[in-house]
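Below, each structure is written out as structure tokens.
Two complexes follow with chain A in common, the first pairing it with chain B and the second with chain C.
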Partner chain A sequence: MERSKKVGEFLLNYALYIILGAILVTVSIIRPNFIAINNILNIMKQASTKGILALGCAGIIVLGGTDLSIGRMLGLSAAITASLVQSVTYSSRYFQGMTKQLPIIVPLLAAIGVCVVISAINGFGVSKLHMHAFIITLGTQLIAFGANCIYIESQPSGSAQALSTFEKNFLDKAAGNIMIGTLRFPKVVIYFAVLAVVMWIVWNKTKLGKNMFAVGGNQEAAAVSGVNVTKTIMYVYIMAGVLYGIASFLEAARIQSVGANTGINYELDAISACVIGGVSFSGGIGTIQGVVVGAIILQAINYSLYFLGVNPYLQYIIRGIIIVLAVAIDVRKYLVKR
Partner chain B sequence: MEQQTDYLLEMIDIDKSFPGVRALDKVQFKLRAGTIHSLMGENGAGKSTLMKCLFGIYKKDGGSVFIEGEEVNFNNPKHALDYGVAMVHQELNQVLHRNVMENVWLGRLPIKKYGLVDTKKMIRDTNEIFKELEIDINPTAIIGTLSVSQRQMIEIAKAVSYDAKIVVLDEPTSSLTEKEVDHLFRITKKLTSQGVGIIYISHRIDEILTISDDITVLRDGQWIATKPAVELDNAEIIRLMVNRELTHRFPEKTNHPSGEMMTVSHLSGKYPPTFSDVTFTLRKGEILGVAGLVGSRRTELLNTIFGVFTRESGEIKLNGELVDISSPEVAKKLGFALITEERRATGLFPMMNIYFNTIIANIKEYGKFLLSQRKIAKDTKRSIDALAVKTPSPKTAIRSLSGGNQQKVIIGRWLLTNPEILLLDEPTRGIDVGAKFEIYQLIINLANEGKGIVMVSSEMPELLGICDRILVMSNGRLAGVVERGKDFGGVEGEQEHILKLAGTFI
Partner chain C sequence: MKKLGLVVCILALTLSLFAGGAKEKAADGALDIRVLVWKYDDTYGSTVRAAMEKWAKIYSQELGREIKLKMYDAADDMAKQIEQATIIAGDKPDFVIINLAEVANGAVLTHMFDDAKIPYLFYNKQPAAETTKEVLVDTKTIFIGTLARQAGDMQGQILYDLYQKDKSIDKNGDGVLKYVMLMGEPNNDEAIARSRYSVETARDLGLKMEPVTETLVCNWDQALAQDAITATFARFGDEIEVIFANNDMMALGAVAALNANGYNTGRPGDPEIVVIGVDAIDAALESIKNGGMTATVAQDGDAMGSANIRIAYNGALGKEWLDGTNYVYTTEDEFLCIRIPYAMITEVK
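Here is the complex of A and B:
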């Protein structure tokens, strides 16, 4: 009895990692050539941008909120990045007056700036106007989408076609590889890893992180203890904005062409990664490790199904089932029986 | 000795009114350094209102507060903390998913280089305070995994960590075992020996007589007496607390219990915290009270009978027949009705109108697909008239009614289901005195119609005012039954006996 209880508890606590292992083992049994370093790197690379988005979004979910504006915000921010990194030799470039390539820090700061502003508006709506995060971000995602369309439409050529033809330096820095021997290791994975470590420190070692968990877990208790709730919420949203900005910058380089529909539904992937990773929608619970693993699991599922050549519509169904299953198991950890 | 006369805290002529109620009427309270001063009174006497005025949760209408001679006006509990005034709440305000030390240092986490939180210092400081208070808890344990008593110790340690001069303990022993209570008292001794003043709120008279230096009694928002504990005894305190005509607060009791209608035998709840092995009977036309301290698991008992909480063992017989109440739906079909304790959380649909709130428990009576608006209007009107609900219109949202009228609507809701047994959990909580009388009359009328009523209440006078028998729960067990008008030498004897029984298993 006691023993079976312990086994059950172990399975519950490590359900996430067991699922990830099971996926990889199953696919490798069906297709032994799946276990190739290139496949693993591909999964990691694809998981990275969305993983960075998830790192930002996770804090907002820990506060008890959610963020629907991620995708469209990324679209707008990526479009502005794109316009600033177009090759100066490209005749239909956005800024005709730009005759010298800008230092790479300029588009990066622009991308971050856009996302920080929008995310700060979200944070203001939640902390000061006491709106539900769902509603305020539903509004700002529309605003971001509209702004993106107008921005793209205002190209000198007058057309609404996607912004493309980026300079080499940008592509190399944001989407290039590092050669380790003969291995091409994607830089974006390193960025993701570094940001995950930074966020782990913020969550676990700083006052902001502790306050974030306190506000998400019991806002009343936090307020009574003298935590500045408004400020904590604002900081978490701004921090998310910085991460979204970095992700937008990297995503522009990855897709190499930014249009009106760039970023659509990215918020769903980011939120999925968080909940698969055990960040609770009721607030106050979550870990960075979980979010990272969640992002990787999500991508591993996508990649495996694609690798096995599963019918694309069936892929949606399987992905849906796995998300529901992962969260259903995770929720049991915190269930209070009475 | 000179220090003995110095007051740490003086609250002078504190006034506070709410619409229709004078909650505090020129109340006095003075706390000396290094002493324990108990604040006593029934529920509604004004103890918590007085404390809320001290901490700035309520704004007092009049009077002054002095801390060591300096006049203060706290805006919020944090402001009070900065002056070394801390409160350990009955409902512990903690972040359950986080660990002990983070909860202790929340709002003022120690910082080292690069803005990182100094975990080592937190562990060290927490351990130091714990050691001083003889608390044996790992600072990195998650709060939610600890027992209530451990959590309470942590809150006291938190108060100490603020270098609090004044610590308010609100019903700290209501859910503690005897051993834990001893530990708590050792801690309070230690604090007073360091010159801390403690305001102690409790219903347990024996306990208060043991540990207090001074005792202040409030009644109906008025200051009644402040005396050294050595000059008081059990009977005198009760006299000070309840000295009033019990008769005019309650309608005449006209119900006559007859034959048995429900037997509950050896009932135990499944998931802790819960109760075990409760056996009692309920007669037709009887008002059966359930007394007990906070945490004696009275609410759990009602919820388990009604099928909201899971039953572990035991059986319930209805008119001699065994019934298996596995869910509230089954209970409803069998003729049970439950009026819950937390009206706002589990009773009201605050934004919805009175129609909705009246018929919601009985909705299948109004048609299979489209609901009959006419029948809804008719029943709602009948319910409003029968219970004398004061409302501008049945279309009014229920949240704009007073507490008493809200409660009447909810009772009306359950009466529409034609229940035979009503389970009432604190039916008059948060209701003003006039409306209480009407609710009592309603309960007696229902008993007159032959319905069985089980009423949980924390208000002793109301149990003594309208119940035929009173079950007393203590720490999850049935401690005894008080038959009214027998053996206990009148109301005061009964009250004393109930208070004694309530502490049986603690």
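Here is the complex of A and C:
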């Protein structure tokens, strides 16, 4: 009796990891050549940019909010990054006056700056104007999209097409590989890992982290016990902005050209990763480990379905079922605790 | 109350900033032409829009009568397009150029503009076959389009030409070209025609074609195509000999995925897979130049933009549609129609 209860608890606590393992094992049984380090790295690589977005968005969800502006914000920020890293020998580049390649830090700071401003507006709306995050981010999403379209269509060449042809140094730093023997290890995976560790420390070891959970759990109680609610909310949104900015910079390098449609629906991937990873939509609950695994599970599903060559319409159905299953099992763990 | 007043003031200010000149009727003899665009953030559509702006200026000079354009973005939403058309019908401009948001629903617009006695034409998106009689034949309007299957035909032709020149694109030398298809959207006529005729034409010319895996539906999107090809390549690797993409954005996504594996880098000696797109956007041309993509098919946005404006000019003045132009009506359509031809691009200098 005692033992079966323990097994049950173990299964619940590690449900996410078990699901991830089950996906990988199933695919490997159907296609034995799936068990290759290359496939694992591909999944990790695809999970990285979305994962960084999810790291930012997770804090906002812990506060009891959500962020619909992620995708379009990334689009705008990636477009600005793109215009700053175009090869100076490319004749239809955005900045015709740019004859020397900028130091890589300039586009990175620009990308972060754009996202921090937009995310801070979201934070201001939530903390000062007391708007629901859904509404304010819906607004900024439209603003970011409009701004992106204007930016892309103001090319000196008169073209309204995607910005492309980036310099090699940028591509290598942001989307390149480190060679370990014959293995190509994507740099973006390292960036993701570092940011995840930083965020883990912020969430678990700092006052901001503790305040964030307090505000997310019960805003009134947190305020009464002396937490500066406005400041906490603003910090969480600004932190999210920094992460979105880094993700935009990396995504521009990964997809190698940025158009008006870049970033569409990315917020859904980021939010799904958080939810699969056990961040509760009612606020106050979530872990960084969960978010990281959630992002990886999401990409593992996508990758496996393509790898197996599953019929495209069936893919949607399977994705839907796995997401619902994962969350249904994961929430049980909190139900049990209460 | 004070705050409310402030908000109202700011709103009024912003609106007046953006609304400048919306109502002014062409009292100065300029032609007032409105353009209903199905979706602003469509790559090819953007090229046509930019071309229309350009040609409106050129024709204003050439024909000695100023053409004023005003465009509307329906954001792929027919309901929004109908609202925009209602406003336009009230404004009574000289002409309306229509790019349908929903091809099955053209009659709503034609009725509205016929009642308001405003002439119009359709471009780019062809009204659905079942509505042809009502929307195009009875109204005697003109449709300016392309031939959906021609882009696919040319992709097949390009592959055939390539194979004749260089048999090594058949990597394993078994005489069969194994391909992957990156498809736009499942129910889109262009996507269906391109997916079908690229392969059919290659087969008709005598190539043996075989799909490597299921069609990859990637909604015209670069990032989705990149993810799809990354996984597909990881499984099949060199078994893939050809990648057809319904548009260039997806073809570029495929190249980015291949680049990550050291393919199609443009460096001498690195392996290559044939990647053929459609649209000839700048990024694709640059990619072809640098050894990424193999070829593309040009949808001539500039020519379409030019035709739209020139023919709208005739329509606004009540002349015959093709008066004073070199365009020729198609013979196979039951309605008035011109088709802007595609072109094959296999080399970029």
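Operating definition for what follows: the second predicted complex is superposed on the first by the 330 of 338 C-alpha atoms of A that agree within 3 Å, B and C clash if a C-alpha of one lies under 4 Å from a C-alpha of the other, contacts with A are read in each partner's own complex, and residues count from 1 in each chain.
The working rule: a contact is a pair of C-beta atoms (placed from the backbone, for glycine too) under 8 Å apart; a residue touches a chain by one contact, two chains touch by 3 or more.
This structure is a prediction, so every number in the text was calculated from the model and none was measured.
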Touching partner for A:T206 - first (chain B), second (chain C), both, neither: first
Partner chain in contact with A:I30 - chain B first, chain C second, else both or neither: neither
Partner chain(s) touched by A:A162 [first = chain B, second = chain C, both, neither]: second
Contacts of A:A22 with chain B and chain C, given as first, second, both or neither: neither
Chain B versus chain C as contact partner of A:A214, first or second or both or neither: first
Touching partner for A:N39 - first (chain B), second (chain C), both, neither: second
Contacts of A:N261 with chain B and chain C, given as first, second, both or neither: second
Which of chain B and chain C A:V194 touches, first, second, both or neither: neither
Partner, of chain C and chain B, that touches more residues belonging to chain A: C
Residues of chain A contacting chain B in one complex and chain C in the other: none
Of all residues in chain A, those that touch chain B in their complex: 201, 205-207, 209-211, 213-214, 217-218, 220-227, 284-285, 337-338
Parts of chain C lying in touch with chain A, wherever the complex brings them together: 40-41, 43, 46-47, 49-50, 54, 186, 213-217, 221-223, 226-228, 230-232, 234-235, 249, 252-253, 255-256, 259-260, 262, 281-283, 286-287
Interfacial residue positions of chain A with respect to chain C in the complex: 31, 33-34, 36, 38-39, 42, 45-46, 90, 92, 149, 153, 157-165, 175, 177, 184, 186, 251, 254-257, 259-262, 264, 302-304, 306-307, 309-313
List of chain B residues in touch with chain A within their complex: 76-78, 81, 93-98, 102-103, 106-109, 111, 115-117, 119, 270-271, 274, 303, 308-310
